[in-house]
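We just call them A, B, C, D, E, F, G, H, I and J in the order they show up, numbering each chain from 1.
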Amino acid sequence: MLYCVQMDVRVPHDVDPAHFDRLKAEEKARAQDLQRAGKWVHLWRVAGRYANVSVLDVADHDELHAILSSLPLFPFMEITVTPLARHPSAIG
Amino acid sequence: MLYCVQMDVRVPHDVDPAHFDRLKAEEKARAQDLQRAGKWVHLWRVAGRYANVSVLDVADHDELHAILSSLPLFPFMEITVTPLARHPSAIG
Amino acid sequence: MLYCVQMDVRVPHDVDPAHFDRLKAEEKARAQDLQRAGKWVHLWRVAGRYANVSVLDVADHDELHAILSSLPLFPFMEITVTPLARHPSAIG
Amino acid sequence: MLYCVQMDVRVPHDVDPAHFDRLKAEEKARAQDLQRAGKWVHLWRVAGRYANVSVLDVADHDELHAILSSLPLFPFMEITVTPLARHPSAIG
Amino acid sequence: MLYCVQMDVRVPHDVDPAHFDRLKAEEKARAQDLQRAGKWVHLWRVAGRYANVSVLDVADHDELHAILSSLPLFPFMEITVTPLARHPSAIG
Amino acid sequence: MLYCVQMDVRVPHDVDPAHFDRLKAEEKARAQDLQRAGKWVHLWRVAGRYANVSVLDVADHDELHAILSSLPLFPFMEITVTPLARHPSAIG
Amino acid sequence: MLYCVQMDVRVPHDVDPAHFDRLKAEEKARAQDLQRAGKWVHLWRVAGRYANVSVLDVADHDELHAILSSLPLFPFMEITVTPLARHPSAIG
Amino acid sequence: MLYCVQMDVRVPHDVDPAHFDRLKAEEKARAQDLQRAGKWVHLWRVAGRYANVSVLDVADHDELHAILSSLPLFPFMEITVTPLARHPSAIG
Amino acid sequence: MLYCVQMDVRVPHDVDPAHFDRLKAEEKARAQDLQRAGKWVHLWRVAGRYANVSVLDVADHDELHAILSSLPLFPFMEITVTPLARHPSAIG
Amino acid sequence: MLYCVQMDVRVPHDVDPAHFDRLKAEEKARAQDLQRAGKWVHLWRVAGRYANVSVLDVADHDELHAILSSLPLFPFMEITVTPLARHPSAIG
């Protein structure tokens, strides 16, 4: 099942930079694993903001939550989730 | 270039149903043409609402506007446009 | 899968009352069918407003959309959908 | 009487992790006690966010406030309360 | 139990004035009956707007909804309900 | 003259607890003095939130501001003020 | 006592123009009477919008409401009222 | 003096199309006159919406209001005005 | 030219009180200088909040920005600016 | 391609002033380089706020994001991006 997920990252100005860089590297590795696994099917940068628009393809709400809540940057993200259904005008 | 576009359709309760059905049929045909042409690359229904999340791949802002503003249901849509850049963690 | 759905009904002041009453009767019948079928598992009135908070248990986003978009009062509703996952502190 | 309660937890990035983990463990124990007591009748996770949708069944507004304001994570929560009445289309 | 209720009245510009005046007279009579019955314990005008701030004292959510939804002007009102608990600093 | 005042208290997570407890005790004493003086005529807790709905009866805007801005918790409050006029349907 | 009042006028597109012009002329006459009477002490146009920022000087909330609610364009206005107190840094 | 002005056009679905087309033609002529006169110095379409972002260069607030409020489509526009000052980092 | 300016002061709870008091004293002196100079023509307190509604009379946007951005409390203020034009119904 | 970009700078009150001044100097130098390169074609100050309205002319969304996200003050900015298309009434 598909979900459109927008993630906005808020970086507190007094966070430890080395710690945050480590989290970012872990986030990148995790995001790429999930893409290779076919779970995170689209990942785009919102131009001009520290945010992304993503589409995830997972079994159900529980798997979606398990994935999102275990992202290394999850504590710094504001997340909105939109469940996507098949559109009657979509082809292919 | 990619744009994430969310379209919410507002149907006035006193619109002429036959007229609106004609517009919907034209909208569907146009959306499918644009998908076949590779311009409208994703089209999903927002579950539970008369709305869609779409991704368009067009040459520039002018082409995006030309396409959206000529949709048969454009006068009934509330549209938000998000320009999408390449994400550094995206693979493939 | 569970979805929390809030439905706010907006009745245009110039709608035909007989027509709207018919829709309301159909809506009630449909809501009760869906409850008996185990799809619409909770249905509460928001005290003081023409709105409800509901929980639906359906197979996937497509079934959710099919049910909601075919409700007789759908054209008059403002709907928000929240996908519900299992909570780690929930018992039973 | 039933209340729909949405609780969003905001964790300050500079909170002491050990202290917060203790609060979370206490919150879980308290939530399960209240479920066993029949006060906290539904508890769902909002998929993708550190938030829940709950239904509480308590004697009155005072008991609702006593329960919510004594939750260990109450100081970190943004809470919205919706009083739920019986819906005329609800069965059973 | 006490509820703070704010009611904002929206009058469509093309409503039939005689019909609306009749509803207003009925609303006034009903509001005064409910005040005499001790259900509608406070009723204030929001200065400068066609709106009121009220406090109702009723048995439960169901009675609150029954009262509000049967007000003659209910179809024209935007209503917000706030359940009121006893304040620890309140005297008397 | 009557004013409806809603006060939401925001407690920073890193405030000194002893200091804040002192402020809360002072706030309570001050609120009770003002109730006894007939200035703070209603004080209700918003169920589920660290907030209150109040009605104050003071001579004018200046007295209202003098009272609110000298509350011990004023620096931690988000306040909305609604001037209340006599309602034409109010009895007694 | 002083109140800052912002009035935004919404003109329905299908209002009768002659009727609305009459209301506008009456509104102007009424606004000028109130200025001459020293009640409506400031009246400015919000540049670029059919709206004004005003300051009224009246006896109390009741007089404010009586004046605003009897303006000929009141049914078409969205109004916000801000009670103004003396500022400690104001001179003269 | 410079003002950034965003204009969103709302077309009621039941407006007379011929009448609206006339207004649009007049609007275009007027916009071009104001551009030639050096008053309307920038005029861009917001991609995907019936809206524009403009910069006007006029003598003062009164001239700005006179221009905007006399636009043929003014009754159908939602307008926001931002006064622009010289930026200390701007060159040339 | 006239501008309506609303300034809301946000005081961080962990600001150094002596430092903030110094800024407040400087702000008061500066506000009074500007009033004497005829630039800050109205200054009112928003009753119940640490905020003011002001009217400034300055040569242009640049002077407005120079004045506001050099206020000692500017870093702690949330500011909204409304350009004011002459109202056709204003007298005198 | 043109983008309208509004940047609001939020300065945390406990940021190191010397560090922030260095970032501001770097930001100014970078903004001027980008103006000289013809990428940042307009840069205006929003009167009364620490914010700007800008127009950038870049190859595509990727270049826009590369420029904005590498601004020295990017971590302190709230940014909104509006893609600008050619307006049919624009001349020249």
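Throughout what follows, contacts are C-beta pairs under 8 Å (C-beta built on N, C-alpha and C of every residue); 3 or more make two chains touch, one makes a residue touch a chain.
These numbers were taken from a predicted model, which means no experiment stands behind them.
Colleague: Of the pairs given as D-E, A-C or E-G, which one copies G-H, with over half of its contacts the same by residue number?
Modeller: Repeated interface of G-H: E-G.
Colleague: Suppose each chain is reduced to the average of its Cα coordinates; what separation in Å results between chain A and chain B?
Modeller: 23
Colleague: Taking each chain's centre as its mean C-alpha position, how far apart are chain E and chain I in Å?
Modeller: Going by mean C-alpha positions, chain E sits 39 Å from chain I.
Colleague: Could you tell me the distance, in whole angstrom, between the mean C-alpha positions of chain C and chain E?
Modeller: Measuring from centre to centre gives 26 Å for this pair.
Colleague: Multi-chain contacts in chain G: which residues touch at least two other chains?
Modeller: Chain G, residues with two or more chain partners: 2-3, 14, 45, 47-48, 61-62, 64-65, 81, 83-86.
Colleague: Between which chains is there touch?
Modeller: All chain pairs meeting the touch criterion are A-B, A-C, A-D, A-J, B-C, B-H, B-J, C-D, C-E, D-E, D-F, E-F, E-G, F-G, F-I, G-H, G-I, H-I, H-J, I-J.
Colleague: Which residues, counting only chain H, touch chain B once they are in their complex?
Modeller: Contacts found on chain H: 11, 13-14, 45, 47-50.
Colleague: Applying the document's contact rule, which stretches of chain H touch chain I when the two form their complex?
Modeller: Listed in rising order, the residues of chain H that touch chain I are 1-3, 60-62, 64-65, 81, 83-86.
Colleague: Where on chain I is chain J touching in the complex?
Modeller: 3, 5, 12, 14-15, 61-62, 64-65, 68-69, 75-76, 79-81
Colleague: In the complex of these two chains, what residues of chain J are touching chain H?
Modeller: Chain J residues touching chain H: 2, 4, 27-28, 31-32, 35-36, 42-48, 52-53, 55, 82-92.
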